[in-house]
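Only one structure is covered here, and it is reproduced in the block below.
By letter and in written order, the chains are A, B, C and D; residue numbering begins at 1 in each of them.
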Amino acid sequence: METAPMKDMQAEPDFRRIDIDKVGVKDISYPIVVLDKANEFQHTIAMVNMYVDLPHQFKGTHMSRFVEILNEYRGEVTIKNFPDILKEMKSRFEAGTAHLEVYFPYFIEKAAPVSKLKGLMEYKCKYTGSLSDELDIQIEVRVPVSTLCPCSKEISDRGAHNQRGEVKVAVRFDDFIWIEEIIETVEKSASSPVYSLLKRVDEKFVTEQAYDNPKFVEDIVRDVAVNIGGLKAIKWFRVEVENWESIHNHSAYAYVEKHV
Amino acid sequence: METAPMKDMQAEPDFRRIDIDKVGVKDISYPIVVLDKANEFQHTIAMVNMYVDLPHQFKGTHMSRFVEILNEYRGEVTIKNFPDILKEMKSRFEAGTAHLEVYFPYFIEKAAPVSKLKGLMEYKCKYTGSLSDELDIQIEVRVPVSTLCPCSKEISDRGAHNQRGEVKVAVRFDDFIWIEEIIETVEKSASSPVYSLLKRVDEKFVTEQAYDNPKFVEDIVRDVAVNIGGLKAIKWFRVEVENWESIHNHSAYAYVEKHV
Amino acid sequence: METAPMKDMQAEPDFRRIDIDKVGVKDISYPIVVLDKANEFQHTIAMVNMYVDLPHQFKGTHMSRFVEILNEYRGEVTIKNFPDILKEMKSRFEAGTAHLEVYFPYFIEKAAPVSKLKGLMEYKCKYTGSLSDELDIQIEVRVPVSTLCPCSKEISDRGAHNQRGEVKVAVRFDDFIWIEEIIETVEKSASSPVYSLLKRVDEKFVTEQAYDNPKFVEDIVRDVAVNIGGLKAIKWFRVEVENWESIHNHSAYAYVEKHV
Amino acid sequence: METAPMKDMQAEPDFRRIDIDKVGVKDISYPIVVLDKANEFQHTIAMVNMYVDLPHQFKGTHMSRFVEILNEYRGEVTIKNFPDILKEMKSRFEAGTAHLEVYFPYFIEKAAPVSKLKGLMEYKCKYTGSLSDELDIQIEVRVPVSTLCPCSKEISDRGAHNQRGEVKVAVRFDDFIWIEEIIETVEKSASSPVYSLLKRVDEKFVTEQAYDNPKFVEDIVRDVAVNIGGLKAIKWFRVEVENWESIHNHSAYAYVEKHV
């Protein structure tokens, strides 16, 4: 075993005849800057996965190059330069396909419905991209919502069970679309949005709003499907709704996927 | 470097003069059998941590012995033989103190309030024990509940926000106490219990029951404290309540600890 | 609002013209019994998801029926009666497609390589099934392994970094296949298996075995692909390998999917 | 039920005679700015818990005030203004004790040992503070490390099992101390630090460094205890070490707590 020049094990040939679909680094925690409709840019912390394909004749991948590429784009990982990062990956690894997944929390200042006091709401987002001959990019957003059960309202003499739920929407798009637009579209499809800061006048408002908008998990998945599908920029979507039922110890769930 | 006899590195002396409070194995997934009030025994899957102290003059611990002890008690890890396992650990390691933590899901058949249809409810439990000169054992149970906000009910013309919450109770006790008793005591202190199986007649019942029993997180922590503290067997308790607010994206939380 | 007869809200018509791909219950914790090669049956605790499709003209699903079906099969949820449960779901909901997902820990008694002492190893498993006109069933198993880096061994004068990794294999199959066969096939494809109980003679053995079998994440995904693909019963597989690198704070990852 | 003036339910009297130790908001995700030794300030995302005590005669807490206080300090939540936030909480709630917990990832640029290439390492941190008559503040840092087993090295003819581990250190202090100092102290106490970016020359270096520094979990907890205890600013510490064993499917664990 020698020191210099070190043998490049990864560049050795391989004879098992198995193409690897994806190989790379996973769960890199990394501070990034993303686009923000209200403030131009927003600092956040991402979890990053980066993969390329590896044809059967090559033994290994030079994993450190993924981190080097990420370091070059540290200042900005946005939906706008996502294709550039994928191109850089494809070229540096001489790969047929490059894959990039970036999970991050995104914050929006949101006013309470009556007092108009502002608070920060967190929405968990994900950019997913792959580039082979074609580029394929998805934006995914998780929107917490409040849902109130129509059956419970109908059959009960008073009250109706309600709970926090989460709507997870993934979209493919023809034109640029803000995360903010997706969130607004989802929030208006729920029994009521949720907020980070509510005073008593607001609490009265959202309680009555939810009571006046009872929706099954089926209603929410459909209303989000109709409303997201109605956005001009969208060409494909997947909607998942999960209600953390307040009367059960499990969730109600609904799923729709659709080309528009 | 030789094979036989192998050097016992762990038995070497140590000169750093640092007593180790706890050393051992953590996160062992293990099938166990626990006591069950209705069915005598119940099969479940535990996550197990086992530690002993290590005086400053010893270099290391023989970790495989923890697993060997666990294997001996595979058939049964109950609150009744918990002291025996601790004694066995203390003796086998010649330790001053032995610690054992066992997390497991526990299932109880629970009838819906009106239809009386039965379903299985899961309650996450934990036994914690340590044995030095004295034996100290705690039972902890997490009980999912439904909570309805008194303020929201009071100020709203219709409806009231409610949500799933979790009451976590830990107890020290003078006499044997069933997990079932702790759970019943918690469930009667909530706005309403939660269930795994509810038909429409039951859904109406629990909706109205919760609406008629509005409770802040503060009310629930106090009612559980009063009711658990009133059980004859209990000499100490800790109660934590967390509400996954349906109008917010964060939780409301309350905590009380008390010797009785 | 009246009590009797209660209105069946879910049975109402819907006019949004959105077919729902999946609707049902998610994250039901449930004790089940599965097949065990060595002991015939094994008690375990599952996390269960149950969904059906819902054509656009129907408003909602009767969620409690999922739990009722699950209760009927409480005694046994195996790969053998999985089709029966799916048929029952499809029929009871008059659905076009039924989906069932069951996650559970599975335990196998495994002897240490030299001392032959026995310990229990946990393997996280998942059965996934859907039934429309055709039946589609997958078994997924997560196998913890030890991996040793060939590059680190080659370039270093002494030692080589190694770490715990996890191989996740999903298979579709023509004939019945035991979970045990999948696990054995994966374990022989790693640098070394991992164990729950090892004495010093065993530790020496597995240390040297791993050092003599250096494998990149790329090697393991390929060796598992070759070996799983070579099993007669298998008609499709997906292999993912993740190494929790001991020299990094992130993972190395590789992925292969293939029809055989 | 009336709208104006709305009844202040929380201000009502309570007669259960149970003082609540902690009540407040939990798991608020929030972007904050913290002190950074190299760059003055660092943007990160925190998870925040805020509690006060509630004497037995009061029914409830005005939860929205916690979020209002947090909004006021949005620009900066550092170890330097932590006491101010606690004072503000204590005063606004007229509380006997205020509690604040802030979890956040912290990033440090770290050069590889030979190539000197720079990469970003993430360290999970936590500030915990409480203020009654006295102020009590802790800093907690989780440092990923590489650990190599002395027993495995001693008894094996070649190689030695090693793995990623995590050292969690909490400290109370008399003087200001940088997170960076705690991290450096921990990293020099491990078999080797871990890095985000390593080239082949670095990989050789860290492999041999770890092989030359074999340490049991007991050794690491003691070396960290000696080294952290030796820092002038520290008056109390708690050290936990967890090794995700590469030869087992569970962890080795050690714990020391000490006043200096």
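As a working rule, a residue touches a chain if its C-beta (ideal position, glycine included) is under 8 Å from a C-beta of that chain, and two chains touch if they have at least 3 such contacts.
A quick note: this is a predicted structure, and the numbers were derived from the prediction, not measured.
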* Structure fact -> Looking at Cα centroids only, farthest away from chain B lies chain A
* Structure fact -> Cα rotation angle, chain C onto chain D, in degrees to the nearest 5, is 180
* Structure fact -> For the pair chain C and chain D, the C-alpha centroid-to-centroid distance in angstrom is 34
* Asked: Taking each chain's centre as the mean position of its Cα atoms, how many Å separate chain A from chain D?
  -> 28
* Whole-Å distance, chain B centre to chain D centre, using C-alpha means? -> 25
* For chain B, what residues touch not just one other chain but two or more? -> 3, 6, 28-29, 122, 151, 155-157, 196, 198, 200, 204, 249-250
* chain B residues within the chain D interface of the complex -> 1, 3, 6-7, 9-10, 14, 16, 18-29, 49, 51, 54, 59-61, 63, 150-151, 154-157, 216-219, 221-223, 225-226, 242, 249-258
* How about chain D: which of its residues touch chain C in the complex? -> 121-122, 144, 146-149, 151-153, 155-164, 192, 194-196, 198, 200, 203-204, 206-208, 210-212, 244-250
* **chain A residues within the chain D interface of the complex** => 3, 6, 8, 28-31, 42-45, 64, 67-68, 71, 74, 105, 107, 117-120, 122, 196-201, 204
